[in-house]
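Dropping the structures in below, format is structure tokens.
Both complexes shown next keep chain A, but they swap its partner, so chain B is in the first and chain C is in the second.
For the complex of A and B:
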């Protein structure tokens, strides 16, 4: 009797869990469905829930019109800025952990840089970039994303490096390795998982950014988020382009939730929850 | 011997500052410089038509007090935060309870639920605009099934519906964030204590208050703080869905500040607004962190 009860409870919980999951996934499904519909299906009334067949014409249009260029821009700026922020942030984190550089205050000051809302510093940054002639250039956007992600990388890597036993480094030093060698040959390999997880989140922050891309790009380095919002016009709303472009923005994220679940808790809680 | 030692120490000192220099340099350049520039600008009176850089004292700060649109946008921001945050917290907690014990396909389901949280808020906003479209969106269609006829709700236009529409998108995107953090916290609650409480015949409420809540409180606090700070500067999702409209009906402080700076080019005045926001945030964060220290 008790076992039977338990079985039903599990089925009930599974049913609830499935319904909740469907509720959360449905909007993304809808987006994906629109992106593979034909124009007739998109503007059908009542709405078509399951496209008749898979049409890639929406995606093809993005490439023939050259709009897909904005996805490439996002990829380049997010990719390069992630690499730079990882290097700069990780060595800074190592210095803070191992040499207690700046005591506790420096670490707190660095993370507090993340608390400032982007809109508050947007205009001064815009003026700065105008005077440097870096508006609408890769260099400008890369520099900005790097600067805004360095605090996050430093903070996260500080946590990961703290977990590496000091003895390992001391042994390496006794063996005659230089400090640089210890950093690259002992610390980095030990922090591999943390490095990888932090890099992925750093990439996501830059990939998802809208505000800075909006104010610092005009035409040459427009990112996909700016492009998507541009499709909502007062006259016509380009549904097929909105959905296809948005899906290109979502695809890497599907890969991330699929493979990195273990690291997500720590990544989004700014290291507060070890998971 | 001692000179060799001190030479090593010197080299260490150079090394540690060398490592941290690039980070400090880039933060000072892109983080601190704009902040100083902002404060300086807020005491001038620069606008699109006026390039005069002389100092005008507190003229822009005085203007803040008479600006109804500013206080309205601030009110929108606070009310939106105060409504969205508890909804996300409670829904996230309930979801976490549902997924706490063993469940088939748990990993996969959690991964799927997480997807909204890590996609761009721009994509989330666009998705919900498509979902809520009056004619081609599925939401009006579903409501129509229950209402028994065609429903044409203008979600992103009508004043009674715009805030609920934004709230739906916001809650959809960030409930999984709360869910994931609370799930992690709940799975770390001491199982033996829970069993002991059960044996002692403690009520569910007592168990929650005395064992579960104290255990998950630190994580809950961090989650609420992160979300509160994000909600206070909410921009992207509202920008895609309404651009602050109709009129100024859904303007938050970030949207208003953006329009003032980049549409009206009220440069000095927008600097004063930005400074006000930073001031409010600093007060909130310092107060919150104090509370934590007291609680410890």
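For the complex of A and C:
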């Protein structure tokens, strides 16, 4: 039997959880609601909390106009740059941790790259990309996002790799693995939780980038963040298109985080060493 | 022909000279224990043999080939680590099969080997479990299984039992010794525990500060230590050291008690006059007033262990311990007469600590 004070504490806890959940979920709900509302409902006052009818017309427009391709562009640039950054950053982190590459301060120096406000380097990078003819190309954006994410990945993975017991790797070396095989068969599975967590954040960074996508794209590889802002006109603002496009941008993120979440569990290394 | 041959091994960590010019020959199938206090270089030496550390100078020969400078995987050595080092994301079967898979052994062969090893170590029932679901002793068995499943030329053990509780340790010790007999391979075993060294070794190599203090069979080291360090390290409770004077065939203890000194040395020669450090193990005392070599002692502390009791007494401020009958001191007779087995005791040079023979 639950005692009364315990019952009240449970109710209080649930109430807090509910408030926090509403706080976080409401904006997403509102976005989704607007994207299926009629224009009258969007501008209605008092606001229409629950749309009367479901209209998919704004989504339909995005696909028939070809604007939805911008989500694909985001997916390609964010996906490939995340993969590249993860590979380069993890190998760099392993090297820093196990071989003391660059001494004690290289890791700090690398992460300091992330301390520069992006806007400070936006102009030089634009000029550089113009001269390399990489403006408005996949390659340009992918390279840029990779460059920005490698320091982050290196820093994060350094922490996760440091937690792996050295003896596990040494045991594998004696058992007949090469260094690369150790990285693949011991370090990767041991740092799996960290690997996924880092990848998710790296992907989010590239996915959400607006500044560089704005200045480095024109028409070919416009990402969805840039596309969305294009619907704010001086004459009219297409709220239904904005919200529909935003939904297209949010859904992959929800999918990514949702599927990755089960990998991001701690405690996987339990029982590796000692008791 | 030696199986493993260490030739003038030196290891520096920066300016620290961790292993100093060590040369050892180990014949095939021998069980060698490297023992010494922490920081004596025993683990470093083992890791040098495994290839986990580079040696600064010297040569390591295994069988008929020099393995100096080879990668660990090319040395065909198996190693058991102190922390077990099991892969937590693999079950017991996969943990044991890990080294075989790394060497691209066919599946059927792997299964045969893993089954053989798991039966030998009595872990067949746990093959599907994960390391986190095993007790400390079971984990240690898996770690040993992973080592023996490979047909390695040499087996290294780096303090494999120090994470186990005392009772489990006794059982595993026995098992490791049995395993050595069954495999017939060369074992190099590192420990800081002198009991493990004494019970397991065919030959003990006692290290201190990166140098070999003494090499020999356990009982030889125990009975004929080269110096006070070896004498004090082996044996529990440890050997008593007393400053004594010998003159004219009489041995004088710190508190003035005397006893005849003839027959003090093992080879029968008489001790020259002078001052010595006298090494007496607790079991060299017995409660008896028979014989000429007796001393009076006032037992201040008595520690019964069940089968025997340890009595502590002082001779002019020098602390000594004697192993006595279990029921000693029960009749308020703390004043006892102890007889000394003088021929079993050891005399050391007072200045150098070297044994006199």
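Just so it is clear, the second predicted complex is superposed on the first by the 221 of 275 C-alpha atoms of A that agree within 3 Å, B and C clash if a C-alpha of one lies under 4 Å from a C-alpha of the other, contacts with A are read in each partner's own complex, and residues count from 1 in each chain.
The criterion applied here is as follows: contacts are C-beta pairs under 8 Å (C-beta built on N, C-alpha and C of every residue); 3 or more make two chains touch, one makes a residue touch a chain.
Computed from a predicted structure; not experimentally measured.
Student: When the two structures are overlaid on chain A, which partner does A:233 contact: first (chain B), second (chain C), both, or neither?
Tutor: neither
Student: Contacts for A:190 in the overlay, against chain B (first) and chain C (second): which applies, first, second, both or neither?
Tutor: So A:190 only meets chain C here.
Student: Please indicate which partner A:174 is in contact with in the superposed arrangement: first for chain B, second for chain C, both, or neither.
Tutor: second
Student: Once the two complexes are aligned on chain A, which partner has more residues of chain A within touching range, chain B or chain C?
Tutor: B
Student: Tell me the contact category for A:66 with respect to chain B and chain C: first, second, both or neither.
Tutor: neither
Student: In the overlaid three-chain picture, which partner chain does A:151 touch, first (chain B) or second (chain C), both, or neither?
Tutor: first
Student: Using the superposition on chain A as set up above, list the residues of chain A that contact both chain B and chain C.
Tutor: Residues 268-270, 272-273, 275, which sit in both footprints.
Student: Mind pulling up the chain A residues that touch chain B in the complex?
Tutor: 10, 13-14, 16-18, 20-21, 24-25, 27-28, 30-31, 34, 42-47, 49, 88-89, 91-92, 94-96, 98-99, 101-102, 106, 110, 113, 115-128, 143-144, 146-148, 150-151, 154, 179, 204, 207-211, 215, 225, 228-229, 232, 239, 242-243, 246, 249-250, 253-254, 256-258, 261, 264-265, 268-270, 272-273, 275
Student: Give the list of chain B residues in touch with chain A in this complex.
Tutor: Checking each residue of chain B against chain A gives 11-12, 15-17, 19-20, 22-24, 26-27, 29-31, 33-35, 37-38, 41, 95, 98-99, 101, 103-105, 107, 109-123, 126-131, 135-138, 141, 172, 175-177, 180-181, 184-185, 218-219, 222-223, 226, 229, 232-233, 235-236, 239-240, 254, 257-258, 261-262, 267, 270-271, 274-275, 277-278, 281, 285.
Student: Could you list, by residue number, the parts of chain A that touch chain C in their complex?
Tutor: Answer in residue numbers: 165, 167-168, 170-178, 181, 186, 189-190, 192, 268-275.
Student: So in the complex, which bits of chain C are touching chain A?
Tutor: 50-52, 71-73, 75, 77-79, 81-89, 98-99, 102-103, 130-136, 139, 146, 150, 163
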